[in-house]
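Following this message is one structure expressed as structure tokens.
Which chain is which? They are A, B and C, in the order written, and residues in each are numbered from 1.
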Amino acid sequence: MSSSNKKTQRQRNKTSFISPRRILIIAQSTVTQLVRMKVFYFLAPIAAVFVGIQFFDAPWYAGPEASQPQQELQMHKNLCLGTMMLFSSLFAIVSTALLIPRDIEDRTLYTILCKPVPRLDYLVGKLLGVMAVVFIALAVMDMILVITLHFRTGAVLADVEPYLQKLGWPQELVDEKLDEISAHGPTMTLQYGVLAYFFKASVIAAVALLISTFSTSTLFTIASSVMIWMIGAAQNIARQGLFEQGGLAEDSGPIAKILATLVSLLFPDFQIFDSVAEAATRAANISSDQILQLGGFTLFYLGIYTVLSWFVFSDKEF
Amino acid sequence: MASPKKIIVVLLGLTAAGLTKMPFEQKFTEELREQRLAPPTLSLEAWTQMSQNGLAGAFGGLRSVLAFFKSLEAHLHFEDQEWYELKNDFKVVTSLDPYNAFYWDQGSHHLAYNAASWARSQRDQPEIKRISIEKEYLEAGDTFLRNGLRYLPEDADLWAAIGRIWSHPLKRPDIPRAVEAWKKAAALSNNHVYERNYFLSLAKIPGREKEALDVALELVEVYPRNLTIPTFRCVLWSLYQNPQLPLDLKKPTMVQLFGSKKRAYRDLHSYWYRINDDGFYAGNVGADLHQLVIDLNVPLEFNPFLSPRQRRIPRSWWQD
Amino acid sequence: MSDIPAVEVSGLVKDFQISLRGPKLRAVDNVSIRIEPGEVYGMIGPNGSGKSTTMKALLGLVKPTAGTCSIFGKDSLKVDSRNDVGFLPENPYFYKHLTGAETIKFYGKLCGMRGAKLKHRIDEMLNLVGLDDARNRTLKGYSKGMLQRIGLAQALVQDPRLVILDEPTAGVDPSGSRKIRDLILELKNRGMTVFLCSHLLEQVQEVCDRVGIINHGKMVRQGKLDDLIALEDRTEIVLENASPELLDQIRTLVDITYGVDMVSEGNPRTTLENLFLKETKPRRTVTKKRRKRTNS
């Protein structure tokens, strides 16, 4: 037997439990599928919205005379990042909820699972494919945000500096004020906010993946995932009641406490992602350590939901 | 649909994972709250005052966006002079985005300035009632800012906003409260305007002239350009004339402080009117002006004691 | 008979729970199949008889309630067993957004193939199934027959030792059906083991070595095709250009022989399929030049 035949024979004999290469193939196929479904087309209206926001002034806009001229930059960031969060979360839910049921209905899944593809590889590949598309979409939107914010920050600085100089402010105070305004422009901190929303969308996709493995209806998967998304934003309220003095823990009856415990345990806490992202829009000081911790939580959730999805999917019959 | 056994195992798995992650999540949240990166939980009042869309937004993690749209709604109430609704809207806004100083400032401004002015202008109401309502709104503005300072204790601008409310000459000035606020604002920032305002307010309180002079000398040492501000110079000059000062205190001459006698007259002339308008410390300014009128042979139209009020003395007269 | 069969299904039982409290539905009841390497095995039965369930159990898509399934000695529930098998499902549907070549590439990659070897294999498969012209067209634009053929190509991409075909000619026109049949025969000649399910009994008859008949989940008959369908007590002789006198002599001989009856006589018939193919065969077009020559 030649060496290439021996290798083929070895390949035939042994399929690894998890193969990054196979996962990548399925992820790539998922990305291609979503891209060819023309999902990126609706980045165009979003880009138009971002550009439109650049020219939108709030009714209280006071120009360079405002005590906090950076407020208009914060408004710009809030609206754009809010749009990015909504799009990425909804997209993560809908695309994940559609992918597996469609593969089952079309029997494409049969042909995939009849190849030497462990079911875990299939699930992880699908999830990574969705995450990749979300990442690309967020990256494009982030680029547009950075460009529009850069121009708007420049405009604000150009208005404020001569105004303060005219008022007779000493230059060091003027520089301090300009630095304060620039901190609300396109900085690294803002990217932490976008990253936090990417983490959030990834966790939401993993939730949708888990539900889709045992749900028989795409609509049920989407509705449940949206519900979990919303409950997850309030999970910290339930948790607070259990951990902190006063409030829920002391004032509520046993049923409320049981419900609070269940919500705290079963649902992910999306508020941590939102908090970091909103702090980023306020140009608050977010450390890389905090981002790493957030990444750690993301990996934990992704791991748990993927393992549970695999548990359900591993002996699912088709 | 998966078998009931599978669903139970999944729920148990989620529970186990929940037990593992919960303490870490709580710790992380507390860390974020300590650093004011995570907002506190919404109060029951805030929840009940939100519309359905607001609830959806708050649950969906769009608190700051929601706060923005709510503030637009508040602006509409401002345009319609619906102060009660405006106040409630700003309560919701600041609950949603408590670490944004702008909303605390904006809310307080509407209450302490716009609403208070509106109350004062209600001629169909008896004066006692007008004044009472105006004061209520001023207090509401002050309280709003102090609530904001609970979330942003390091924010000098919020303290400065309190200082402005109580030192505004056209409102109901409360100089001791203004002094306290300006002092905190000055301590928290490098803003010389806040430092000067602290000094200027302090100088208005009878019996604290020495304290005010010490503050002024410190400000001059830290930032000599303070002396280029006419009001600062005038208050400093008048404090130097305080007879209760130690005799050995080194005082600058008029020419040393103002540059020339004519410039001194120019500044003290404007200051003289502000003593009445703004409640500045009078000191010996009247006598100084009298002497300068004689020394400089000041034209009648520029004599504050004999002619109608004139705000500005032309450059051609005082410029050397 | 080799030691390791290509397919071994032993006492396969599969029950489905229809409702939470109701009785279970037994889709497959104690079915046993053994297919040797290089054989073409056909499983036939009415709709709902358990054919697809048996195939799915073999492919690990459903878990047997009882019994075992193995492919070349490897348990069907293990992923390893799928290294040796290619599967074409009934009414296959692939990712519409992929082209023909991309589809085969995708499945080839899943089997661990890569680089020049995969590229060569893609070209080979497209040629084999006659879809080279449509390689860059997305599957959205493929006809039913083309989809079946691309399905066959993906089933064969990794050069498996066993191919499982579920209704490979369902919904395909006669010429396409004939091509698939010819392909199955070619695979057989190459030594590949083929396990197929079909309702088209004539086609099963043409390609299969062994056949199993399944009904209500039970295997009712199983064995070599020739043994199953031979009418042992009858003989068929087909004559060409026989004269009427010879035919009379044969009739007379039958009449006088004890215990032999003439069951039927007449002209043998071609099949509708052969007639269809003959009539729809592409004709050469007559060129203008030739027509001109004829007219003059």
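As a convention for this text, a residue touches a chain if its C-beta (ideal position, glycine included) is under 8 Å from a C-beta of that chain, and two chains touch if they have at least 3 such contacts.
Bear in mind that the values here come from a model prediction, so they are computed numbers and not experimental data.
The most distant chain from chain B is C, comparing centres defined as mean Cα coordinates.
Comparing chain C-alpha centroids with the centroid of the full set of protein C-alpha atoms picks out A as the closest. Chain A and chain B, compared by their mean Cα positions, are separated by 39 Å.
Chain A and chain C have Cα centroids separated by 48 Å. A separation of 87 Å divides the Cα centre of chain B from that of chain C. Residues of chain A that touch chain C in their complex: 11-15, 21-22, 25-26, 29, 32-33, 36-37, 106-108, 110-118, 315, 317-318.
Of all the residues in chain A, the ones that touch chain B in their complex are 58-60, 67-68, 71, 74-75, 78-79, 82, 85-86, 89, 170, 172-173, 176, 200, 210, 213-216, 229-231, 233-234, 236-237, 239-240, 243, 264-266, 269-279, 281-282, 284-286, 290, 293, 297, 300, 304, 307-308, 311-312, 316.
For chain B in complex with chain A, the residues that touch the partner chain are 1-2, 6-7, 9-11, 13-15, 17-19, 21-22, 24-26, 28-29, 31-32, 35-39, 41, 56, 58-65, 67-68, 71-72, 75, 97, 99-102, 105-106, 157, 161, 190-192, 223, 225.
Of all the residues in chain C, the ones that touch chain A in their complex are 56, 59-63, 79-80, 82-87, 89, 91-95, 97-98, 106-107, 109-112, 151, 154-155, 158.
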